[in-house]
Structure formats: C-alpha cells, structure tokens
Amino acid sequence: MRDLVDIGMGRTARRAFGLDDIEIVPSRRTRSSKDVSTAWQIDAYRFDIPLITHPSDAVVSPRTAVAVGELGGLGVLNAEGLWARHSDPEEVLFRLVTALEDGAEPTELVRLLQEAHAEPVRVDLLTEAIKQIRDSGVTVAVRVSPQHAAELTPDLLAAGVEVLVVQGTIISAEHVAREADDEPLNLKQFIANLDIPVIAGGVHDYRTAMHLMRTGAAGVIVGYGYCAGVTTTDAALGIGVPMATAIVDAAAARRDYLDETGGRYVHVIADGGVHTSGDIAKSIACGADAVMLGAPLAVAGEAPGQGLYWTASAAHPSLPRSRVLPVTDDVEVDLRTLLFGPATDPDGLVNLFGALRRAMAKTGYSDVKEFQKVGLTVRA
Amino acid sequence: MRDLVDIGMGRTARRAFGLDDIEIVPSRRTRSSKDVSTAWQIDAYRFDIPLITHPSDAVVSPRTAVAVGELGGLGVLNAEGLWARHSDPEEVLFRLVTALEDGAEPTELVRLLQEAHAEPVRVDLLTEAIKQIRDSGVTVAVRVSPQHAAELTPDLLAAGVEVLVVQGTIISAEHVAREADDEPLNLKQFIANLDIPVIAGGVHDYRTAMHLMRTGAAGVIVGYGYCAGVTTTDAALGIGVPMATAIVDAAAARRDYLDETGGRYVHVIADGGVHTSGDIAKSIACGADAVMLGAPLAVAGEAPGQGLYWTASAAHPSLPRSRVLPVTDDVEVDLRTLLFGPATDPDGLVNLFGALRRAMAKTGYSDVKEFQKVGLTVRA
Amino acid sequence: MRDLVDIGMGRTARRAFGLDDIEIVPSRRTRSSKDVSTAWQIDAYRFDIPLITHPSDAVVSPRTAVAVGELGGLGVLNAEGLWARHSDPEEVLFRLVTALEDGAEPTELVRLLQEAHAEPVRVDLLTEAIKQIRDSGVTVAVRVSPQHAAELTPDLLAAGVEVLVVQGTIISAEHVAREADDEPLNLKQFIANLDIPVIAGGVHDYRTAMHLMRTGAAGVIVGYGYCAGVTTTDAALGIGVPMATAIVDAAAARRDYLDETGGRYVHVIADGGVHTSGDIAKSIACGADAVMLGAPLAVAGEAPGQGLYWTASAAHPSLPRSRVLPVTDDVEVDLRTLLFGPATDPDGLVNLFGALRRAMAKTGYSDVKEFQKVGLTVRA
Amino acid sequence: MRDLVDIGMGRTARRAFGLDDIEIVPSRRTRSSKDVSTAWQIDAYRFDIPLITHPSDAVVSPRTAVAVGELGGLGVLNAEGLWARHSDPEEVLFRLVTALEDGAEPTELVRLLQEAHAEPVRVDLLTEAIKQIRDSGVTVAVRVSPQHAAELTPDLLAAGVEVLVVQGTIISAEHVAREADDEPLNLKQFIANLDIPVIAGGVHDYRTAMHLMRTGAAGVIVGYGYCAGVTTTDAALGIGVPMATAIVDAAAARRDYLDETGGRYVHVIADGGVHTSGDIAKSIACGADAVMLGAPLAVAGEAPGQGLYWTASAAHPSLPRSRVLPVTDDVEVDLRTLLFGPATDPDGLVNLFGALRRAMAKTGYSDVKEFQKVGLTVRA
C-alpha cells in the first residue's frame, strides 16, 4: 500500500488515478489486426468480445439483450427495473422522452423515473421478459440487487437465467446489521446454493474484491457504473472511485486469490469511466477481463432509452445519484456498427471493439489477457 | 510538518489539499442507514445533525434559526448583521433582490450591503431578535466579531443567548497591538468570565487551532466560510485555506490538546468549501465534528436572501471580500426537504444529511466520530 | 527508466510530459538574432530551417511542396493521398469545403474523405505530381505507408524521389505476422536496398526508436502528428504520446546509437503537439533536430485545404482517428510570412521560424544542436 | 538546485511555480492594519507603497506618472514609447480605441501600434515629457531598452531623470556578439559611469539575477511583465517564467549577493503575474521588495489606454508578443481609489495596497521586509 500522501498532520490519503489520467504507450512490435482475438470466457460461456451491458433500462431491453448476445457480448437485464414493473415499459420511456422534448427540468425527469419505480416488481412480467431472451438462444443474464437477490432468484432460475449478476452501487461480502428485521444477504451461502455462475459487485478496493472472490463469485464488478455528467455519487456521497487504480487493485486481488486457491481465476469486470473505445482499451490495460458498458451503448438506434441515459440509482426514492441525460452526440448507428464499425465518427464512439482489436494490434498483443501488460504513462 | 515543497531556492511551501482534491473510498463492510447516527453534542447541547449555520444574513433570520433548531441543527444569528441594524431587514433584502432583477452591476449589490451596514447596531433590535429564537425553545446562538465581542456580549447574555460564536474571517488567540487605543480581545480572559460555551474562529492552521483551544473555547471553527464563486479572500488578500488540510490539522490539534489536558475535547467545525452533501461527508471524513453551512442553505424557500448568497465580508466598508450572487440552481425546496429529503435533485444539493447518513452506511460506519477514519484517496 | 508511479497495487506507469507541461527558461547570456543559424542537414540535403511538412493533403500539394522547399524547408507529398488517387484533387477539396459551409455534420466530412480514398492509387498521377516538384529544383520527398512501401517505391524512385518517408501512425522495426498472406515490411532489408535516405516513424519510445535507427534510417519520426482537437487516437485507441517525453527518449536513443555505431547520427524529427512557434522551440529544446508541421501550415493562403485540416487517419475506412476541422483563426497569410514574418499576430501562429531564431538568441544559443540543451521548467 | 524532474531519459527540468499555484496561510498572531507599514526605499528615494509602474503606454503618461508619484509610488515613463515618438500621443491612443469599437480584428490593433512605433524617438518630445514629471516634484523615472540605453541616456539625464530603468523582456549582464557592428551594452560600465540609481531587468533565474546585481544595479526586475491573456511570450517563444519560483530565486541571489558584498542590498522588483491585490501580497510573500504593475492600473480613469492594455512587445515590428486587449471589467475608478479604496468591487481589483496592508495585518506582519517570511501553501 505505497503512495500514501500526507494531506495534513497525521492523516494520509492514497494517490489514485482515473482512466483519463493514463495513456497506453506503444513500445513493442506491431501486429496485424487479423491476428488478434478479443474473445473472453466466463464459466462455460464464451463471448467474442469482452462486453457485458450495464443493467440500465436505458440500454437493455429483452430485445437488446438478445441483440448484444448475437453480436458476441453478454446483455444483462435489470430484474428490478421497468421491464419487471410495467407491462408496457416502452410507454414509460416514451413519457420520459416526451417530457424532455417539452423542456422538463432535470429534476422532473428524475421524478418520473422515481414514480415509475414505485410500482412493484411482478414475477409474471420478469418471467416473460427472460423467456424472450432465452428463446433467442443467447446466454441469459439478469441483475438483482443484494437486497432482493434471495427473494427473486428462485423465480429467475425457474425462468431460465444462466448467469446471475448481484449488483449494488457498493457491495460488501459481509453486511453489518444491528436490528433484528434487517436480514442482509450472506453472499457466500447464497452462491454456494446456486448452480449457475454469479457475478457480483461493485467493489472499489483490494480488500472487498478479495472478500467477494472468496464468496465463490465467478466474476467481480469493479466500480458503480460511473459516467461523467450522469452519475453523481461523488456530489451526493463524497464517494469516488478512480477507475484505473480500482481495476489495478482488483486485478491484484485476482492474482493473490489465484495463488491462495491454487488456480481459481475470478474475472474482473470494469464498470465505470468508459466513454470511448480508448477507455475500453485502457480498462483492459489496467487488468480488466471485460468491461460493462452503459452510456456508450445508448447511442445505438436499438437502445430503449432512445438516446437518453441514466443508471439505476436515478430512481432511488429519496436520494437519486444519477441524472437523466440525452447522450449529447450526433451519432446515429445500429448496434452492430457501434460495436464493429465501420465508423465515420472519429471520436472513439463507434466501432468500439474494432478499435480495441486495433489498439491491441498496434501494440503487438494477440489476446485480452496478454494486453493487460501493455505499457502505460501517467501525466505528471 | 512533512510534505514541504521547494518552490525556489531556499523557500518552501506546504502541500495542501481542498475537499475537491479528495474522495471517500469504500473499503469495509456496509451497514444499513437505519443503524447510523448523525447526532452531535457540544457542551450540554445535543443535535440530531452536525449542522451549524454560517451567520450570513442571506440564510439566517430569527425565523430560520428557529426552523434549523427544530430540525436538529444549530442556527446562528449574526449579532452585527441586518437584524441588528434595521427594524425592517426584509426591506433591505427586498432592495437587493430588486436591484439584481433590475440588472444591477455586481459592485452595486455590494454597495447596497455596505450602505445597509453603515447603520449602527441597536441593542433593542438584537434583544427582540434573540427573544424570538428563545421563545421557540431551540438552542439560542449568535455570532459576534472579535472586535465587538466585549461590548456586545453583556446584552446578548441578558437577552438569553446560550452559545456564543466569536468569529472573524481570521482570528488569533493573541492579537498584537502597538497603539494605546487599540484594545484587542483577550479571548482567554473573555471566555473564562463567561458561563456559556464559546465557539471561536476561523483558524487555518494547527498552531492557531491549538492556541484557540487553550483559551477554553468549546469549539473551534476552521476556515472562513469559503464558497466558490462567492468569497474572494484569495483574490483580495492572497490568503487561501485548502479545507481538507486545514480540517485535518485542526483535528490533529484537537487530539494533541486532548492529550495535553487529559481529556478536554474541543469540537472542530468546518466552515468552507462545502457545496454539496458529498462535501459534508468529506469534511467529517477529514476530522470535522460538524459543518457550518451557508450557501447550501440559500436555496431553501425559507432563506431570507431569497436565493441570493453572500458572506459578512461583502459588507466591509473599504475591502469587501464576498460577492452577492444568486445561488444558480433551479432547486426550490423547503428546509426540511433540503436537510432530509426526499430529493428529485441528483446533484447532492438536496437531502444533505440523509446523504451523509447514507455515505456512512455505505462505508460501514455508525457514528460521526467513527466516520472520521474512513479511507480517502487523492487524485495525483 | 526512472520516475515510475504506482497507479495501484503491483502496476506502475511512467510519468510523461507534453510540450504544454514545459517551458523554456532563459538562464545565460543573450545573443543577437543575426548570430543565430537555424540550418539543418540530413544526408546530403541541407535546409535553412528545420521544417518538414506532415504529409497531410490539407497542407501539401505538389505546388506547396515546391513553395516550402524554396523557402528552406522540406515538403513531403503523401503518395497515398488525394494527389495519388484523383486527377482533380482540388475538386475533392472543394467538395469538402462546400460541405462544411453547407453545415455538414463532422462525420459527413470524414465520410467524404473515406469515399475519396476508396479510389485506387494511380502511378501515372503520382509520377506527374512528383515531376512537378522535381522540375522546381527543390528536394523531392514523398511519404508511403509501411504497408505499401515495397509496392510503390520502385515507381517513386523512377519518378525522381530523393528522400523517402515511410510513415504510419505507429511503426515497428519488426512487425509480427502469423498468417502466411501477411507479408510485413522488413524495414532493414528495404532500406539496405535503397540508394536514397529514408525517414521512418512514428515511434513513441526509446526502444522502438533504437530499433528503427538500427534499420539504417537517416531520420526517425517521433509521434503520430498529434494535433489538439483534430487527431483522436487517444479517444479511439487509448494510445497517447506525451511529446516532450517521447522526444527526449528518442534523443536518448540517438545518443546511445551514436555511441554504439561510433558516429552514425540519426536525426530525430518531432511530429505532433506543435501548434505555435513556441512549441517548435520547445520541441528542439527537448532534443528534436527538426519538426514536422501540419496544422500550423493550414492557415497559409497556399494550403490546399483552404483552412481545413485533418491527418491521413481521417480517411481510414473503418476507424478514422482524425477530425476534419477548420483551423479556427482569423490569420490569413502567405507561406513566406507564415514562416518568416513579419507578424501582426501575437499568438505565435505567424513568423514561426523567425520566432525560433529569436528564442535561440534570447537564451544565448547559436545553432539548433546547441539549443537542445536550453534550460527547462515543468509546472508542478 | 533541487526539485529536478526527469521528463524523459537523461533530461531533467526544474519544477517551477506560478503565483496562482501558491496561497498565503495565516499561522500567527493577527495585528491591526494601523500598525502596518507598506513603505519602501530604494537608494535615496522613499515610497509609501511598493509600487512601480510597468512602462506600458497603456498606463503611463507624464500625467499618470505624476499621479502615481503623488500617491506614494514610482511612475516609469517609457522613453521609447508613444510619448517619445508622437507630439500628440493621445491621438494615436484614440485611433486604437476607435478601431476596437469599430470591431477591428486583434491583429489590426497590433498593426496600428507597430505603425505608431515606426516613427523615430524625438529628444525634444522626451525632454518635454520628462520636464512635465519633474515640475511636479515627484521622483522622475524613465525606461530605456538595453539597445538604446547608451544613446538615449545623456539626453535623459539632461532632462532631469532621477531613476533609470533599463528593461528588455529578457536581459543579460553580458550579451554575446559575433559581428563587429553589433555593439551590445556593457551594463557594468554603463552603470559605473552614471550618478543615478539604475533598475535593470527582466531576469528569470538566480544566475542572471546575480550577474545583474554585480553590475551595480540598485534594483533587479524579475519577469517580463507577464499578464494572462495579454502577453504571449510563451506561445511565440516557448519561454515562460513561473513567477513564484522566479521571485524566490532572485531573492536568493539578493541574499547571497548581500553576503558576498558584506552588505549591499539590491532590491527585487516583481514584474508579471500580478492581476489582483492578492497577487501583490503573494509576490512580496515570495521575496519581492516591490511590484511593477501594468494591467491592474489600466482600469483607472486616468490611464491613457482608456481601458485597453498591452505591453511594449506588442509593437515589435516583426514578432509581437502582446495582445492589445480591453481590460474586461466593469470597474471604473480613479487612481487613488484603485490604490487605497474604498472598494465596492470584491474581486481584488480595487484598493490594491489597502488590501496588501490588510493581508499583512491578518497574518501579523508589520512591514514589507518581514512579510517576505509569511507561510505559504501549494496545491498538490
């Protein structure tokens, strides 16, 4: 735990870095893009690209989950979002978009989301949504919160879920409870009783990552889906997670846990700070096995949010920590082009995984695991 | 006194950090918000939330002092402000707001304030204002300047003040005087002769904090109410106080003084750099026992400034060091919602202390004192 | 390899600096501008000013290549750009400019460039363009990509090329190929078979610079033509090259290679981060022997782009990494004035090499090689 | 010479700090403003405030030189500016102001200045201008360039100049000349032959400051009058002088020279980076004995530039390094108020030396020399 800074007398803080603070530096032989593989495998599931969707209703409907799966990634539906609470979620989204066009204040959009999430989660709607994904043949993944994981999981399994994502903005392997009616999730026991792989998070430091790996999770999510301009956890809670450092630390936990267990490899999935294809490359360069993408997918024509983006915490009933914002860009593309090009946009917003492949080729690496060692610089 | 930087040959400066430079990092077990206490006690007075109001007329009238007290904080009326000088202070405020609406230049607003403060302090008005607070049953606190503390205090005590705040932008335990007619306040003697607790400040370093603690003060204020865009002490005097470092240093003084006295705990109150609920959390994370809030309260519907904010130094007759500015935001809330939510604003401007509670829960701490140990990061 | 920073547990990054991070500091005797020489020589070719043009079609046509040569620099025509693919390249440029005036989206301009580059390279057009330069008597230089160097070079030699620039955004001395049909350029063998000097790049680190020097190149290009606001390699690939550090490292390779060979001096040419005459001075101060200029030349009345600028990567068919942007400035000058003044513009955009001469005089240096030792500061 | 940073392999740069990077931190007893003296003395001349005017025609006419002198500072007329070249300089300034109002391009204003400076310097005009200052009884100071010092000084002495300022943007004690017709100023000999005190500069480092002190100068100017947004030396030449470090270094030279000579105290005058009263305080805190002010005086109603500001280098015939800009502010004050208040402006632009006095009082210092030791912080 080096690099502690005295911020005053007797109090230290750790120096930490975001993806914006670092850059990849070519320092080896180059390679042809054709010789590069971006494939990634977790448990029995193999994917052509290291992409998991952030479970925001703005980007994942059952339909887009299928589309992402068919294109080689893993779509994750939010089991506690609009598709689980409304028989016509498109109508809710239409209201949001219309309100924006009518010049609604930012807080009004948040209020609409809060209202829409006041409706209860309905198992019938969830089951139907999951069926839609399962029928397509792609890997079926949904996200539950730690609070509702125990309650919802049996129905999710019955509906055919293959990968379970247990995700809160901040999670811990051991939640402290003092009152009797507060029954926190025992993640270790929960995972032990399941037959399907669990991805859990978000974590923000080495220790919690390590604890979470020891619960038996197949993958650990680093970050809480930070998106510049959209998420406001820093303003609301003072909590921030410089992603480069957070990913590097989780990768260190992965290495130590691998040693401790004599070979169990837990995947590190970066969820936050990724706005461009360059950020995807940097995340992997820091040690991520895959990235969770939210806002970058919101420009796709298929995205249910129709260009709007927010994260689940926007709907918190008393303390929203996400804005509802139009993705400010003139890009209009289908999902396939967004992921694999060709692009006419030079800003790293299109051809997201074609660009990753090219970054790997230009720096001479042939697979994702190897690319985790590429050289980095930081600005002074 | 580590972390000295050579800024040239033979001259060092100390590296210092603001609240914006640091972030809280979750690194432990989480906890339920229900199990968290934000309570705070100074002398015999206990408060549900660690909130003291900055004594700006823009946010504290006798009425809002009562409202803050009823909601669990401590409202502090300025004994040398508009309520002490004008029988109809609302009329003065109305002129300010009207001038702004009529497009007055920034300096014109300052001039209006200077003019309004040219009127003398009247004991009858002060007594009446204090009575209004006392009658409500909440703790009665007023602020006096070091210059007028000796002169005004007898009348303030007679009127029923329970906590005295002796506050200048910069204060010292021992003022140096050369001329005979300059009779500075001897704070130690002044406090010794009083039966009520005194909170004094602002201080900006370890040594002055230590000296002030030794005068017998119950609480020491760190900072001078810095508010980005409003206060201009840096531009006018070259003086600046990076708040994270200043709070940490004052907390170090508290610790050393506690040891030196074998147990007298002097409270550290952070006054400056707090714009959002996240900043409140960071202030406490740095070691503050409570925060003094000015501008963040100016958005409340009850605020006398009707959305304008300034600090007392705006009214200085020859060297104003504060602008008079509308709090640029579309937020419109009552004080209760401002402090405890629910919020539809995601920017950390509403639900200020509900957010503090949540930040503590998410990082696994159950009270304010414990939360002073939470992990911090600094950006490189 | 000092100055490594821990960006997390077990992962370091190197601190790196851009030209914007440094400043030249006068610390010696001054000298008269008249006593300063900015001359530069590579192989048998001597130039009055250390200027090579970046091979962007926005700044180099056969006509401007001649003009640059006549003014003492080296113009480099792109052998794979518009002049090699279109019999009327001016018409293509006219379409670009017109589209911009008609309010085309940024991506539309990229699309137009992509379309124009979909046409094949024609040897007859290239030969004609080169002839035009050769007939003027100035040094004839063209740029080829590593991919097409082998194929195009015989025709280029036949046409009269005297200096060959083999340039990709990122190059390596040894390209790794796995598939049989991927036949990368063996630069060492390629150069050995040529009778004319080769300038190759871009490189971004010491090791690649060293490897490239060992291929027999007469000059090594550092950087990929980074231009703030125009190139987007960082956004698209996550790859960035802080130029001050990159130039310093390449100069270190030059020094070590000089020692290793007992006297072969390979020139270091900085290509990127140069926006003003001050940046030219800084590039040389870091160790460059010459600078490659693109955007700064785009304001010249003679520039084919008529005020627009882009780099070759804007035309990449699937992953463009350059915008097509108007050079936002009210400057309107002819090339001679741009290079040698007089200027009425105080922003370092005009009198580019007159300013270099003056910077050298003010710091007391009399030639480019000596000026590589001038004192530098970095902001904290 | 500590605090060297490796900016690449085998090349270091020195960390340097601007006035914006530092802040004064109160850490002692406070003091009453009445007990503070801002007086300053150089040679036989004593001044109430440590103010010298930057010799820009935008702020110094014979009339304002008198006004500044009467208010306790030292006005310096430019002996090579408009008052020396035009019988009606006001008419030239009127043309500038009118051109701006008519929407002239920035380069057009520079062109007008260049044109006005193409006229020769006339001794009769100079003599008349100096007479005007001398007749008022204030100390008479003029500035000459190193190039014309030898030629102009006899006439200046004859006209009654009492303090001579020899100032170029960059000066050296020993200019290197190679051609016979280049006869540089031998400053040591020049000063030895004069009976009046000479202030010389600008210097930017310890060594040149030391050399200049050894020429016999009474005062050394640090900096070249850097003014954010106006001067463009960094853009044009790559040369920059972080002022906090430059002042500290010159103060170190003063100390060492004092020791070397057994008691000769050479004054350090800071010329650059001062935009507010806070910057004046910081300059002295870094070790300056006085400050040279340009732009901050341009808002005075008496300023000949009528709100416009530029430095002498704007008029350079081929390489201007200063813009001609309106001082963007709504401040309108007379010179006395500008220097001593009262202010209704809270931004540190008015009451410049009243603010200095207050900063000294708040940090407990009673004179300028002592205040050079006040505590400083730097942002990380």
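Structure notes:
Every chain is named by a letter (A, B, C and D) in the order it is written, and numbering of its residues begins at 1.
What we mean here is this: contacts are C-beta pairs under 8 Å (C-beta built on N, C-alpha and C of every residue); 3 or more make two chains touch, one makes a residue touch a chain.
Per UniProt, the chains are A, B, C, D = GuaB3 family IMP dehydrogenase-related protein.
Only a predicted model underlies this, so the values are computations on that prediction, with no experimental measurement involved.
Taking each chain's centre as the mean of its C-alpha atoms, the one that lies farthest from the centre of chain A is D. For the touching copies chain A and chain C, the fraction of interface residue numbers used by both falls below half; the interface is of the different-residue type.
The best fit of Cα atoms from chain A onto chain B calls for a rotation angle of 90°, in steps of 5. Inter-chain centre distance (chain B to chain D, centres taken as mean C-alpha positions): 40 Å.
Between chain A and chain D, the centres computed from C-alpha atoms are 56 Å apart. Residues of chain B in contact with at least two other chains: 5, 15-17, 21, 245, 378, 380. The touching residues of chain A, counted against chain C in their complex, run 1-3, 15-17, 21-32, 34-35, 206, 244-249, 251-252, 255, 276-282, 285-287, 330-331, 341-349, 351, 354-355, 358-359, 362-364, 366, 375-380. Remark: chain D residues 5-18, 21, 105-108, 110-111, 114, 169-179, 182, 184, 204-205, 207-208, 232-242, 245, 314, 317-323, 378 touch chain C in the complex.
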